[in-house]
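Take a look at the structure below.
Each chain carries a letter (A, B, C and D) given by its place in the written order, and its residues are counted from 1.
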Amino acid sequence: MRREDCTFWIEIDIRWGDMDSQSHVNNAVYFTYCEQARVDFLHSVGIRGKFGAEQGPMLVSASCDFKRQLTYPGKVDVGLYVEEMGRSSCRLRYGIFRKGADEPVALGTSVNAWVDYRESRAIPLPDDVRATLTKYRIKVTAAELRQP
Amino acid sequence: MRREDCTFWIEIDIRWGDMDSQSHVNNAVYFTYCEQARVDFLHSVGIRGKFGAEQGPMLVSASCDFKRQLTYPGKVDVGLYVEEMGRSSCRLRYGIFRKGADEPVALGTSVNAWVDYRESRAIPLPDDVRATLTKYRIKVTAAELRQP
Amino acid sequence: MRREDCTFWIEIDIRWGDMDSQSHVNNAVYFTYCEQARVDFLHSVGIRGKFGAEQGPMLVSASCDFKRQLTYPGKVDVGLYVEEMGRSSCRLRYGIFRKGADEPVALGTSVNAWVDYRESRAIPLPDDVRATLTKYRIKVTAAELRQP
Amino acid sequence: MRREDCTFWIEIDIRWGDMDSQSHVNNAVYFTYCEQARVDFLHSVGIRGKFGAEQGPMLVSASCDFKRQLTYPGKVDVGLYVEEMGRSSCRLRYGIFRKGADEPVALGTSVNAWVDYRESRAIPLPDDVRATLTKYRIKVTAAELRQP
């Protein structure tokens, strides 16, 4: 993943307490970083809370490849883009980067279903949610589109 | 994953604070549950700390499929088995089960490299570590071995 | 605080992830341990959830004196007793003890108001809650009562 | 506590995951916020890590009064000042404020001993540490000094 692939960014301050007894950021906290990017994204584009307690996203799976270690003090940029959309779910990809670095520290994914919370079952992505997510798909440059 | 596949088990009390504002156990905490199983496993079989600060396991990747929600109060059984061993890494699989339930609440994986901590590079799994991990591979029954 | 002062007990497994980069249990986690004892207590005696979303306890203050360090692996016993009851609040005291040890690792307190959640204001403790809390006041032995 | 009492400030982004199932920031996380201010302070003034693994601060006690609730999304300012210094310890006070608000959301304290880590015993505050801490005592205005 390259920084330019990402379509939404947040900055996170690494907290001292994010580190575990190996003195680097604990693996579970990387998922909290991705969650924070996802929630900020859903909040920022107006999806979060729009449908109240009736329907909304639910996490189906999450993964992370840990490339480098993180330590306090420092900040990271967490970027994401929408990789795929299905009828009732989408897949997001995340990149965690140290400030000023182009190589990601970690790469994450999540699959999020769109769910009727009262009946606990997946339902089709509403049209406006789909339209919003489409705007945040991976950026492809004109040069890349021209490639055979 | 079936319960009988697992070769090592721990029990975890769900803490009230493991839940997030959606009132179920937060996704990042599932990784803490798998981490707890992994650390308990490494501790129990004598791998943890055996090589001091010189070499040991390092988490390369982690994933989780969330099948059902968990809430306080309750306990879960977390089982694991060694799925694959390479020259300098192994892959573990995890199942999180509610007490008395056969269907897992969540399925996890992790890839752990064996690392020279001083040089931060992967090195071959020591023979005794490999021998220990081999004992904790997935259980296969005699009946399954006889199947064509 | 002596073990025999406590009127309600839980056992907590120290998680590896409870430790911070100083390789002992992080200070904030002691408050999670006390919270767990408090929630288990309220759940056990039937106060938790009894009044739905309308009224219930709210934490007003919390404190902890750290006497000794805790490390994984291990278990702790967390005991509590009701120290004082006011018109609309009560004060709890907590002791965290290593298994088999009589000297506490840490001593905590909390003040919990009884609150009308919809109006966010303290209201008098309901009679049955007061009666229940009274049963969990510090234990005083007959011998102590006889002392001048 | 007034904002103008504080002599050191940090800003913290409230994470969605800081909230518990009551949908406000969990009580233990307030201690993480104070810890973050303390560690940033010790780092910023050059005390953190200066004495390596030999000596340094150790948390003896912590407390917090919760005045108002916090929710994601939002930021808080966490201020602190040195309230008292003893021979081998100091007491810090913390104020957590919502952006733009003068009334604190929460007030915290901590007592930190200066400790010989190898012998686990309190030792006198080194002169330069004492000199640094003195600079961060509560701010007192000239007008206040003139008051009888």
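Methods note: a residue touches a chain if its C-beta (ideal position, glycine included) is under 8 Å from a C-beta of that chain, and two chains touch if they have at least 3 such contacts.
Predicted model, so just to flag it, every value in this text is computed and none were measured.
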Exercise for the section: Report which of C-D and A-D is connected by more C-beta pairs in contact. Expected result: C-D
Problem - Identified repeat of the A-B interface (over half of residue pairs identical), from B-D, B-C or C-D - result: C-D
Completion exercise
Cα centre of chain A to Cα centre of chain D, whole Å, reads 33
Completion exercise
Whole-angstrom distance, CA centroid of chain A to CA centroid of chain C, is 38
Completion exercise
Whole-angstrom distance, CA centroid of chain C to CA centroid of chain D, is 25
Fill in the blank from the handout: Multi-chain touching residues of chain B, meaning two or more other chains, are 16-17, 26, 28, 32, 35, 72
Completion exercise
chain B partner, complex, touching residues on chain A are 26-29, 31-32, 35, 59-66
Completion exercise
Residue set of chain D touching chain A in the complex reads 12-13, 15-17, 32, 35-36, 39-40, 43, 72-73
Exercise for the section: Can you check the complex and tell me which residues of chain A touch chain C? Expected result: 16-17, 19-23, 26, 28, 72
